[in-house]
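The following blocks contain the structures, represented as structure tokens.
What follows is chain A paired twice: with chain B in the first complex and chain C in the second.
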Partner chain A sequence: MYLKKIKNYIQKLKEILLLNSLNNFLTILLISTILILSIQSFNWVIFNSKWSVVTANVPLFAFGTFPEEQRWRPIIWIVSLFLISFLSIIPPKWKWLRKNLLIAWIGTIPLGIFLLYGGLGLQTVMSRNFGGLTLTILLTVFSSIFALPIGIALAFCRQSSLFVVKKLSSIYIDSMRAVPLIAVLFFGQLLIPLFLPLGVEIDRVWRAIFAFTLFVSAYIAEDIRGGLQAIPNTQIESARSLGLNQFQIIRFILIPQSLRIALPALTNQAIGLFQNTSLMSILGLVELLGVGRSILANPKFIGQYIEVYIWLASVYWLICTIMALIAKYVEKRLKIA
Partner chain B sequence: MKSYKGIIFQILIFLFFICLFGLLINNLIINLIRTDLGFNFSWLLKPASFALAEHALPYSPSDSYAWALFIGWLNSLKVIFTSLFLSTILGIIIGLSRTSKNIILNILSSFYITIIRQTPLLLQLMFWYFVGFLGLNNNFIYFTNIFKINNKGIEFLGLSLTSEYSALIFGLSVFTSAFIGEVIRGGIVSVSKGQWESFRSLGLSESNGLIKVIIPQALPAIIPGLTSQYLNLAKNSTLAIAIGYSDIYAINDTIINQTGRAIECFIILLLSFLILNLLITNLMETINKLINRKRIYIN
Partner chain C sequence: MNTIINVKNISKSYSRGLLALDNVSLKVNQGKVLVIMGPSGSGKSTLIRTFNGLEAFDSGEINILGIKINQYHNERRIQKIRKRVGMVFQQFNLFPHLSILDNITLAPLNVQKRSRVDAEEYGMYLLNQMGISMHAEKYPSQLSGGEQQRVAIARALALKPEVLLFDEPTSALDPERINEVLDVMRKLAQDGMTMVVVTHEINFAKDVSDHILFMDSGKVIETSTPDIFFSNAKHERSRKFLNQLNK
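Now for the complex of A and B:
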């Protein structure tokens, strides 16, 4: 009796296996690989890793060499950034606040400059003391706030009916997109001083922001152009028949819609920019990855690559994933609206 | 009347940019005279006097800067085309697993994609180099002299790859494959479901149908995305400098440190990328044409 049942069972199992043998083989192979890998990594995390390299250096990862008693300043700035982004994602009921969000975003730039560089009553801090996540966020936020309007302007210029405007902007966009980012950053760090008149000097951090803005605005322009092309011509015609002038059409019809269409692409640009700020660690700024590199060069922590890299990767991963999730949420909300 | 305004406006903009450029170039000339460098390319023929670990053609430190730059360009090409090949294969595997019905494959591939896409390439390259290759012991994988992987790189049938080169190829291919996987998934998803049902009802096997029915139709949607990923790969290969591989950018950097000729080197770098981009876009256009020709033939 029992034997027959078991035989039946095996027969059925065989049928399933034979029906889809390749798939099942793959499943078993994958499961066993995952098991072995997870046991090994679990073993490593518990017994062999030394996380002191991370825990001892958390302030360094967060602020770089920003003076210890002044660290509340970058914290305030970053918290204010969080608040503003929160308000932008979940708009408040008060209309005046909603209307002034754009101004608030632009306001983060002078606020950041004031809080980080100091002056006007605050102790001045040199930009070579900026570092860690603070510098990464600074580079990302400043460059994206500068690059967005420039990108929008470039996208409109590329669609313009004026020949010179069109050609100049397409030359700019195409050449920027053909060049590797590190070359542009290199240009920012080493060549910009050569193009400036004698005696005029720009801070390293600002030169990096300038280079990132140059680079990213070309990519943003192409994304916005994609959005502009997706808007049907009838909309412009109907806006004209309503008596809107060119500026009003751009302001009320074209920009909002193209931004909405280009939102996924723009998020990818923002995530890419956040990741690409790590390139500055090759060019002498000590941002998040740069801190990791300098810690690994310290004889006290020599050879602890895996811990530092896993820590950095998880920080980058977490922030990028949050950005992507927020973008998805906003996209959903805009589609409903 | 309106066209007059337009023309005047354009002339003004043109003049503005000419003036701006003139000002910048003027500053540049003043600065170059001040630093006593000037602007010429005659230094290209002087001996480079730095050694290169990686050279496809014979090279010695007594060779000229121009030759060193050419070697660097070849090194870049070597990395780009190997990783282009590898990342395409990996990307196809990832893309197909993303669309497969096997749940575990599906979860694993999306896991792979989020980890790879949400961390910086530079960090990944450093990981592959410092942990992936330099962290290995002397005989990590040793298979009777035919196939060796250790901290000096990969050795396979007399073909030996340095650890820098191997790490770079690994990093670039893995990074690009996550993006290519998404492109391929997008292409496959863009083919209508009716096509899947019809090849099944015709009695074609799943894999046969995929190769003969789905992929040919997905290709026109895949090729443009693939081209931009390949261009990104070429641009990303300049990160080689972070792990000490002497590609075109790294050699330009060394030369600038030695001679201080930043402007000239920058122009050379831009030109080499122009050529690289043209090469890749032309290659992809040829492939695109081939595919389109075949499509017409099938019809």
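Now for the complex of A and C:
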């Protein structure tokens, strides 16, 4: 009797000890690995790396070859973007501000065009001088602001009761989703000029924005459609019983509610779009990644690709994190509403 | 006495050949309250939803406030009816993305094109009447079921309707919350609002209604005053239903 109990006890102890020793072993192994890795990378980052490749080229990373004395213009534009993003996440107390936020966001497009291209009293700057983070943000912001309404329209067309409208938008969405982004970008850069009549030329930046808008709007349409399907039919019924017509129901009930439901997916699209603008660096636009590549091609900085890519990764990381945080706050705010 | 709602022989069948409404006729006069009772699946909700065009029907005619609708769905006429007939649903169906006050002012602003000041003032007046003016800036999800249903009634009243339709307004509420909604409805009836109410609340039907219409499987079984219906119903089917309810 006792013997059996003691045997059991020893058995259990053995199991615990064995398990514990394995646990301990793994913990020590992991900690030492992390320690060695961080000491190594710390050592490299502080003592072995030559950050001059980054510090010497900060203006290039930020603005590309934008004329030096005109750099305040992209700065103002980017600051205004951050300001509007910040205003979008403050608590819903300032009603007038919330109502005009949409106009403010749309207004960033003409403001951006005016500040970057110049004209009307400002010195004109050619789009080939756009570059770096400015160009990356330009591509992202313009493409998403254009793609959102197109995506919403496509989503509603796909739900339409008119057969032709429905089929056309389905075909558009499905074919866009079946083509890789890089192909659409090639189409924008290489084929659009062939289709245009002689003498008419569209800026390379605008061709890129056009291609991104075409591509992203198809994905946005599917996100919005998901949101539309999640709205219960009773919402439409009660709106109809109040005498609202079809257009008013879409505007006041369906669009706001589907956007709210689709917000996490739309954030994904925006972050994806921001990262995908880096594809333009292989199509001849010198955006953030393109600047990095052209700096590395400079004999002065040859072989310093680790520094450049670590720097680029952290810039991309920072901006994506900011975007995700903004979306998180907006989501939180909409949750009660 | 003006006839506000005049339903003549309407029928509706679902594709399986099942009759949802079978030759239903009824009349509601100005300032009267009609209560529609019946077991579930008897077509009560379908009937009340035909009045403002949420449900189409196959034959017959409805004359509501002098506007005629028939089996040919005439969107413009229905739109006219909806501007003058309010409806309250079982599940409240408030708009979750709008504040309580915005829920109420949405239709007055966009359907009747009233000024914002005017619409908000009247909205606050209605919320006061319902005893929930302190919630004006909140969102529907922050309110209890009874409060939400009172907001829904205020929203229907905001268009200054001549008729109110209630489709089981208390069925989704906790028992303690039912009375706060019924009290509001009693007051509306006292003020002379013409109402059609689908409900299972016997006491409400006894106190407030002028007529009771009892339905089963799409047919009108009997129409009588509440005194007669609850004490001495003509039909075997009605008596059976009342016995079930009283248990």
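Assume the second predicted complex is superposed on the first by the 304 of 337 C-alpha atoms of A that agree within 3 Å, B and C clash if a C-alpha of one lies under 4 Å from a C-alpha of the other, contacts with A are read in each partner's own complex, and residues count from 1 in each chain.
Quick note on the criterion: a residue touches a chain if its C-beta (ideal position, glycine included) is under 8 Å from a C-beta of that chain, and two chains touch if they have at least 3 such contacts.
On a predicted model such as this, the values are computed, not experimentally measured, just so you know.
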{"item": "Which of chain B and chain C A:S144 touches, first, second, both or neither", "value": "neither"}
{"item": "First (chain B), second (chain C), both or neither touched by A:I271", "value": "first"}
{"item": "Touch count on chain A, higher of chain B and chain C", "value": "B"}
{"item": "Contacts of A:T134 with chain B and chain C, given as first, second, both or neither", "value": "neither"}
{"item": "Touched partner set for A:T213, first chain B, second chain C, both or neither", "value": "neither"}
{"item": "Contacts of A:W317 with chain B and chain C, given as first, second, both or neither", "value": "first"}
{"item": "Intersection of chain A interface sets (partners chain B, chain C)", "value": "none"}
{"item": "Chain A to chain B touching residues, read off their complex", "value": "23, 26-27, 30-31, 34, 161-165, 168, 178-183, 186-187, 190-191, 193-198, 271, 275-276, 278-279, 281-282, 289, 293, 296, 305-306, 309, 312-313, 316-317, 320-321, 324"}
{"item": "Contact set on chain A toward chain C in their complex", "value": "234-235, 237-245, 248, 252-253, 256-257, 260, 334, 336-337"}
{"item": "Residue ranges of chain C touching chain A (in the complex, touch as defined)", "value": "52-54, 79, 82-83, 86-87, 89, 91, 93-99, 106-107, 110-111, 139, 141-142, 155-156, 159"}
{"item": "Residue numbers on chain B that touch chain A, as the complex places them", "value": "6, 9-11, 13-14, 17, 24, 27-28, 30-32, 34, 101-102, 104-105, 108, 114-115, 117-124, 126-127, 130-131, 135, 231, 234-236, 238-239, 241-242, 249, 253, 256, 262-263, 266, 269-270, 273-274, 277"}
